[in-house]
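Let me begin by handing over the structure; questions about it come next.
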Amino acid sequence: MKLVFPGIADLIHISPLIALFLCSLIPITIKIFRGNKEQPAVATLIQGLIGIAISLALLLVFGGTGQTAFADNLIFDGLTYWSGFIALSAAALSLFLMYENPSTTGDQFSELTFLTLNSALGMLILTSATDLLIIFIGLELMSLSLYLMIGMSHEEKLSKEAAFKYFILGSFASAIFLYGTAFIFGTAKTTNILAIMEQSPDLMETHKLYLFGIVLIMLGYCFKVSLAPFHAWTPDVYQGAPTPISAYMATAIKCVSFTSFLRVVLTGSVISSVHLFDILQWIAVITMLVGNTAAIIQGNLKRMLAYSSIAHSGYILIGVIAAGVSQEPSFASTGVLYYLLSYSLMTLGAFAMVALMERSENEIVNIDDLAGFSKRHPILALCFTIFLLSLAGIPPTVGFFGKFYVFSSAIAEGLIWLTVWGVINSVISVYYYLRPIVVMYMKDGDSVVATHSLHATKGTIVATAILIIILGLTSGALFELVQNTL
Amino acid sequence: MLNTDFLTIIGLDHYLILSSILFSLGMIGVLMRRNVIVMLMSIELMLNAVNITFIAFSKFTANVDGHILVFFVMTIAAAEAAVGLALAVTIFKRFREVNIRFFEHLKG
Amino acid sequence: MLLTTVVFLPLLCALILVFWPQSKTLRFAALGFSIVEFIVSLTILTNFDKGTAQLQMVEKHLWIERFGISYHLGIDGISLWLVLLTTFLTPIVILGAWNGIQDRVKGFHISIFFLQFAMIGTFLALDAIFFYVFWELSLIPMYFMIGIWGGARRIYATIKFFIFTMSGSVLMLLAMIYMMFLVQESTGTMSANILDFYKLNVPFVAGTFFSLQTLLFFAFALAFAIKVPIFPLHTWLPDAHVEAPTPGSVILAGVMLKMGTYSFLRWVLPLFPEASEYWAWLFLLLGVVGIIYGALVAMVQPDVKKLVAYSSVSHMGYIMLGMFSFNIFGVSGSLFQMLNHGISTGALFLLIGMIYERTHTREIVKYGGLAGRLPLFTIFFFIMTLSSIAVPLTNGFIGEFLILLGAYKANPVLAGFAVSGVVFGAVYMLWMFKKVFFGPEGEVLKDVHHPVKDLSKREIAVLVPLVILVFWMGIFPNHFMDYSKSSLDYLVKNMKQYELTVHDPKAPGALQAGVQR
Amino acid sequence: MNNELLIGLLILCPLVGFIINGVRYNRPNAYLSGGIASTAIGISFVCSILLFIELLNLPVETRQIHVRFFEWITVDTLRISAGFLVDQISAVMILIITGVGLLIHLFSIEYMHHDKGVTKYFSYLNLFVFNMLILVLGDSLLTMFVGWEGVGLCSYLLIGYWFTDDQKAAAGMKAFITNRIGDAAFILGMFVLFFSFGTLDLQELNALAPAVAETSWMGAATLGTLFLFIGATGKSAQIPLYVWLPDAMAGPTPVSALIHAATMVTAGVYMICRLNGLFISAPNTMMIIATIGGLTAVIAASIGITQWDIKKILAYSTVSQLGYMFLAVGVGAFGAGMFHLMTHAFFKALMFLGSGSVIHAMHEEQDIRKMGGLRKYMPITHITFLFGWLAIIGIPPFAGFFSKDEILWMSFHSPLGHPVLWAMGALGAAMTAFYMTRLMCLTFWGKSRVPASVHPHESPWLMTLPLIVLGILSIIGGWVGIPHVIGAVLPGHPENVLGNWLGPVMKAIPGITEGDPETEWLLMGVSVAIATISAIIAYQFYVRKTEMPGKVAKALGPVHTAVYNKYYVDEFYFAGIINPIVEISKNIWYYIDVNFIDKCTYWISDLVKSAGGIVRNLQNGNLQQYAMYVAVGIVVILSYLITRI
Amino acid sequence: MGEALLFWFLALVTVGSGLAVILFANPIFCALSLAMTMVGVAAIFITLGAYFIAGVQLIVYAGAVMVLFVMVLMLFDLSGELKAFSRGIFSGGLKLASVGLIAGLIIGAITLSTGAIQTTDGAAAPMHDRTKELGMSLFSKHLFGFEALGVLLLVIAVGTVALARSKGGTHAKH
């Protein structure tokens, strides 16, 4: 039996992970030394941010080389690089929001920070893992931390329900994922997808169980990225969870899950079975329809954003399918990554807007509560408008270019029917994205932000809004940059 | 002439089918039991079924990695159980209820 | 740099206005900016070479290299007048909104400039995606304009407007992407450049809907047809017009609808010549149906503004009719009619806005006998009515005559039906005119406490340029048509192998096919 | 003097007058604004005379003045310039327009001086003259069309001049829209001609017309001329588009004189004369023109018999007389048509102005049942009106006799004519004599039925002067067209001056032969006799035995009712065409726009929303339900794969 | 033959107790049945030669996890719960049907596939202990996963404590 022991190079590769873990310990350690008393939240925030910053810096320095570590268990390629970048940034911005949100701040903020950073750690593992087992561990680390984070909300009813629902369904999906892993393990004799990649076409021919394994794994991913009909947890959980955590889930989790999904898809499973590819197309179509149609009739802003998030998963899946069937997947993958980036930006901004409206942890923000918002807060209203237009895919925002790249890659592969569904859905989506704008600008009311001191949240909003425009206009350069690393 | 091979020669099939039956039982538990704790138990049942699959494959393909996987899965299952029970306790304290149908405030 | 200036100056103005203090000077500043923009845009005219069909003053910078998308501006005889129309109408609209808009004045002017920016960009963009960006961008300010400053059902109208237009354009986006890949297939590099699109030979199979060129053709045509709007996709228009504030209606009718027809000329006809020709019957038919249908429905409207809105449907039907007759008469007529419609319908909306400011109603039955009390208003309205019903020596006549002439050449029977629009046009406009201005004094004039006053000096200043143009264009149409002649000639004669190049002023004469001296 | 300048002055003076009066529209000084307007027309009149003289000085072969000011529309082969052509035909027309126009302007000053909007009135009048001049001078169909529509517009404005009266405004609208129907056909006619002959230039069209008469109905010349003729029926109030003209009497009376008698309504005749070369090559069209003309002459005259409104009678008379003109051009007697156009301009303008004078005197009363015996009060008006009467019923040597006689003769004699056409003309002449005499009797003669409150008086000199001038013209105007048979027996052998003048630009009727003098004399006698008898009967009816008309009417019963109600044509148009269109419009708006297209969009949005509702119902908050979706999803996917692989 | 008998016996035990888990109305019985299942599974592991794993199974599952379950059950007052299953006949049927179909499909796939999986005959293979092999693998090839699991457990420990202490948790004021 050949034994491969990890060396110093491996440690360097995982240094972002190590840094993140070590830094995550700081706030709770301090709390222990302070006799179980919270330090000022701002200190925790800064420590958490420092942790993320260090990790991000290390990732940017050492990542993206395409090298593997720990006996091919991890890979640090462009996908890891960019999705890690997005996830960590989203984590940092979500921390900002948590810092100021009534349902997350104050008591136990240091534990929350700890969990946030560790769930980010899980994300980094997930996005870099090439072994289904490691993927599973990353998935669990990420999800379990999140279940706890949601459950820790100061809001007492809905958040508990949300956490529990998420937990049961998540575990259910994990079990299914694991069952699929088991089948793959049995048929391919390994769980490393780099190893599977080579034998995948043969296995697909010969082994039903392998195919089932792939399907079950995909369903596990579909659950995580909330694709219909495995999406049902999403609206409930997003609504029940504290807004910053919803933002975190909607952005970071989706990003890394999709990256990992993409990694699995790129093993060639999709190419070698045209039927899998059919199924994924239908899933994409149904997802978009479900998300968009349901979002139309929502009154609760967070719930609407949740359904919109489902719909966006559908769009992203189009890109994933394109990458799967493409001979040159880097093109479509770049589209997916760009979409993830754009989606993360605008969703974070939109959730930050929701957070801005929450006076207490029990506050439910309805769309109609925004009436007259633009008169009191023109800049914030403008930012929200930018988010919504970007979500709707109006140029020249990132949202438009995200869709453009994804649809382009799909058209390049001849998936025209799918893109037609995509654009039809983006028309449907316009309807509900316009509604908050209508309410903000065209109806009179006395809507105001919760308190005027939410500087971090406001800063997040303005920064994301500006980024949405800038990254939209410079999307070409960004696209090149990303594609060159893939 | 009745073929009794299936009864007498125990192969991979048997273990896999056993595990799939257990898995299904677990699924039924998650899908149909009203008590949240029993739902958690059912999830454990599902994970156990998966473990049988791993070990069976491991044995019949002479691949020791399966044991490692099972080891990891067990750990994670334990962790999941811990988190699940903690959440269950939390919501029980809040709702004084373990029937799943009382947790339907989030919908629509 | 001239075109860049013309496109981005409004955006700059909008930005300046963002930081402008909330005071009375705001309106003056906005007016000043818009006039400056108009003057700057007039310099295009002096630099324009009438003798060539090529693109002029082209500016090109690569934007998204991987997809061959570039920042690409250029002008030719087709877009020239539409740009000028846009810059011309903007100061008029701002001046016209002086009293009408009192709420969120700053936001309003920013919207106007933003809208102007997007519209000019649409007319000048020579890159598919760049064009699409402007195309969609123009929806947003108009959306706000209707939604914030509009009437009672403004929200319904504005959402309808947005979704209708958006639903057409998304398929166009797909078609554009597809064509970019077609370019890649034929040349090896992806490009969204319209000049590269022109070089494509998209396969066409007659007799089936599912041939590539036909599908692409309809993807483009649908987007533009909704914008135009062609019957039966027009129902957003009356709602949007009625609910929009006066400036919104003016710009919507004056320029935004032209974006659709312009795009037919720029994109659809040259890119998909076979499909256009094969399906021309459909558009001719819909054009004629639109002419008659719009006129008939306009006839029975109880609301003045809605009447004018339906008249737009009718007029746009003429434009489509002319365009799809594929001869120089029809096409130049429809280009001319685009300008006419912008001016006369824009002016009608302005006038309706003025009277609405005074009476707060648009119901025809409440008016009556205005001619006695408001002679000046009546005169202006009458002149615009004449232009609208195409009485000779007004601009409307030239356009309508040429269009019908072209249509007759293409299809005499349809032209025969279209000519009935001449009658119906007179019927609905004059009927309305009679009910509003003639007869005994109506309800709105009976309010002794709020006597309705005639036009103020400002309002006259708003209208006089339009009146001058009505007659100028009617009496000396060649002053305008000369500029577009080469381009249109070239388009009509070389539709099947339409290609444009960039005009080099130092070496003229390369592409002067069909230009008559 | 420079021709360009002359023509420019001729056309632009009225325009300048329009602009001056238009700018000072709210200053109600009749004398000043009337002065301005009349001066403008006066200058134009002088210019026309100068142009006429100029033309006289030119040799016959090149007797035309053609100026082009600028290129108006230039698109590919369509090249229309602002070009004006003065030749024999248009020279006559501009003289009539500016001459009669001047007189009517003068008349208007006094007639309108009480009116508050008088300046506006004069500006419209000037604008009308401007457009009329463009109509007659335009060198192509399109330039002609400019004036063609322009005069319609002015007519609209002037009919609806007293716009506060709903009915008057409606009359204006009716006129414009009816004209528009004709105009639409005119446009189609232009298209046909343009694409067949490649030009719209009048002279070129005449030259390019097929040399051999076209027998096909779908031939370019036939189709084109037919459309043009439909245009002419609109402008010149022929069947079926004549209905606007009687209503047009809602305008001020001088307007009726100028527009609806002397000038605008004759535009159709003028247009056909202008394009005689083309029309003559389309015998089918000619036949239709002649038939329509004859029918109109008879039907309008019959309606005229029963009317009570002085202006309505004159209006129907105008329609009828226009019918004569079309009859003339329809049989190829373009010269006769022009001749009658001219004499009609004189005597009908005279009669309208006379009626204006009467109405003025009667304080806006138009019903002839309330007049009678006005001879005493208004001698000048009476005398001049008498001349007009004699002229119109065709008593020699008054103007109408010569022109009408020539028409009747040609309708009989021309190869394009037919005895039936002659019969129609003769019948029309009889009726004309009857109703005009009736008008004279009821208005000027017999017992006075004037209400006590009204004190009729003679009009001031500014009104009577034009009457006198026109009265003289009604007498001598016909002498320019003395037919050969009469001229031969008269001392000095006066020739058919007008005919000779117009001759070079009129194409001869193919196959015409030298007429038989006896027949001509005979027909002449017959027509004079009919007119005289008919006039005497009318005199008997309305002066002597005033109970007779009632008896006759009773005897005729429904026929009389039908005629009295103008054959219910207006009613038919409303019930059969206009109301259905309005109803259909309402319905298509309601059913197509509101209930179909919008409903479809609602339906789509409802579909989307109900889909959302389904999703929402599925999302019922039940955790196990959610897990079930996962399970069902797995089942579907796995079974799909099993069945496919 | 004995091996077969053993298998069928164990299968019966695990499936039967698994069935009991989902059928008993009283959760305590469910928990005990689950423990029974775990033991049965451990025994199956032994028959498959996975002795180490069987031990871990007994310790972790049957020991720790089950105790946890039972303790939590004790915390709750479950007197009101008399029925085992959620309401809804239609959805219940659908759930059963879909699970049954899943099971059927997977079993079908299993029977179709196992032939192709190159099985080294389980009975023939020596039943030696693989614990050492396992340890080597764990600390070389699977080191990262192992460490990650460590982190995971720490996170869970901290997290559950935090959750239990949180405002809405067990110490919540009612």
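As written, the chains take the letters A, B, C, D and E, and residue 1 is the first residue of each chain.
The rule we apply is simple: a contact is a pair of C-beta atoms (placed from the backbone, for glycine too) under 8 Å apart; a residue touches a chain by one contact, two chains touch by 3 or more.
What you see is a predicted model, and the numbers here were worked out from it, not measured in a lab.
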Inset, instruction - Note the shortest touch-path length, in steps, from chain D to chain E. - result: 1
Inset, instruction - Weigh C-D against A-D on C-beta contact pairs and write down the one with more. - result: C-D
Legend entry - Central chain of the complex, centres being mean CA coordinates: C
Inset, instruction - With chain centres taken as the means of their Cα atoms, state the distance from chain A to chain C in Å. - result: 43
Inset, instruction - Go ahead and note the Å separation of the Cα centroids belonging to chain B and chain C. - result: 66
Legend entry - Inter-chain centre distance, chain B versus chain D - centres from mean C-alpha coordinates, in Å: 98
Legend entry - Whole-Å gap between the CA centroids of chain C and chain E: 70
Inset, instruction - Please list all residues of chain E that touch 2 or more other chains. - result: 86, 95, 99, 102, 105-106, 108-110, 114, 117, 133, 137, 141-142, 145, 149, 152, 156, 159-160, 163, 166, 168-169, 172
Legend entry - Two or more partner chains touched - positions in chain A: 133, 137, 140, 144, 148, 151, 156-157, 160, 164-165, 168, 172, 186, 208, 211-212, 235-236, 431
Legend entry - Multi-chain contact residues (two or more partners), chain D: 616, 619, 621-625, 627-628, 631-632, 634, 638, 642
Inset, instruction - Identify every two-chain combination in which the chains touch. - result: A-B, A-C, A-D, A-E, B-D, B-E, C-D, D-E
Inset, instruction - Could you please specify the touching residues of chain D with respect to chain B in the complex? - result: 616, 619-624, 627-628, 631
Legend entry - In the complex, chain D residues that touch chain C: 25-26, 70-76, 78, 142, 145-146, 149-150, 153, 156, 160, 163-166, 169-170, 172-173, 176-177, 180-181, 183-185, 187-188, 190-192, 194-195, 581-582, 584-586, 588-589, 592-593, 597-598, 601
Legend entry - Interface residues, chain A side, partner chain E - complex: 1, 3-6, 10, 14, 21, 28, 69-71, 73-74, 107-108, 111-112, 114-115, 118, 121-122, 125, 131, 133-134, 137-138, 140-141, 144-145, 148-149, 151-157, 159-160, 186-187, 206-212
Inset, instruction - Flag every residue of chain D that touches chain E in the complex, lowest number first. - result: 622, 624-625, 628, 631-632, 634-635, 638-639, 642
Inset, instruction - Mind listing the chain E positions that touch chain D in their complex? - result: 86, 91, 94-95, 98-99, 101-102, 105-106, 108-109
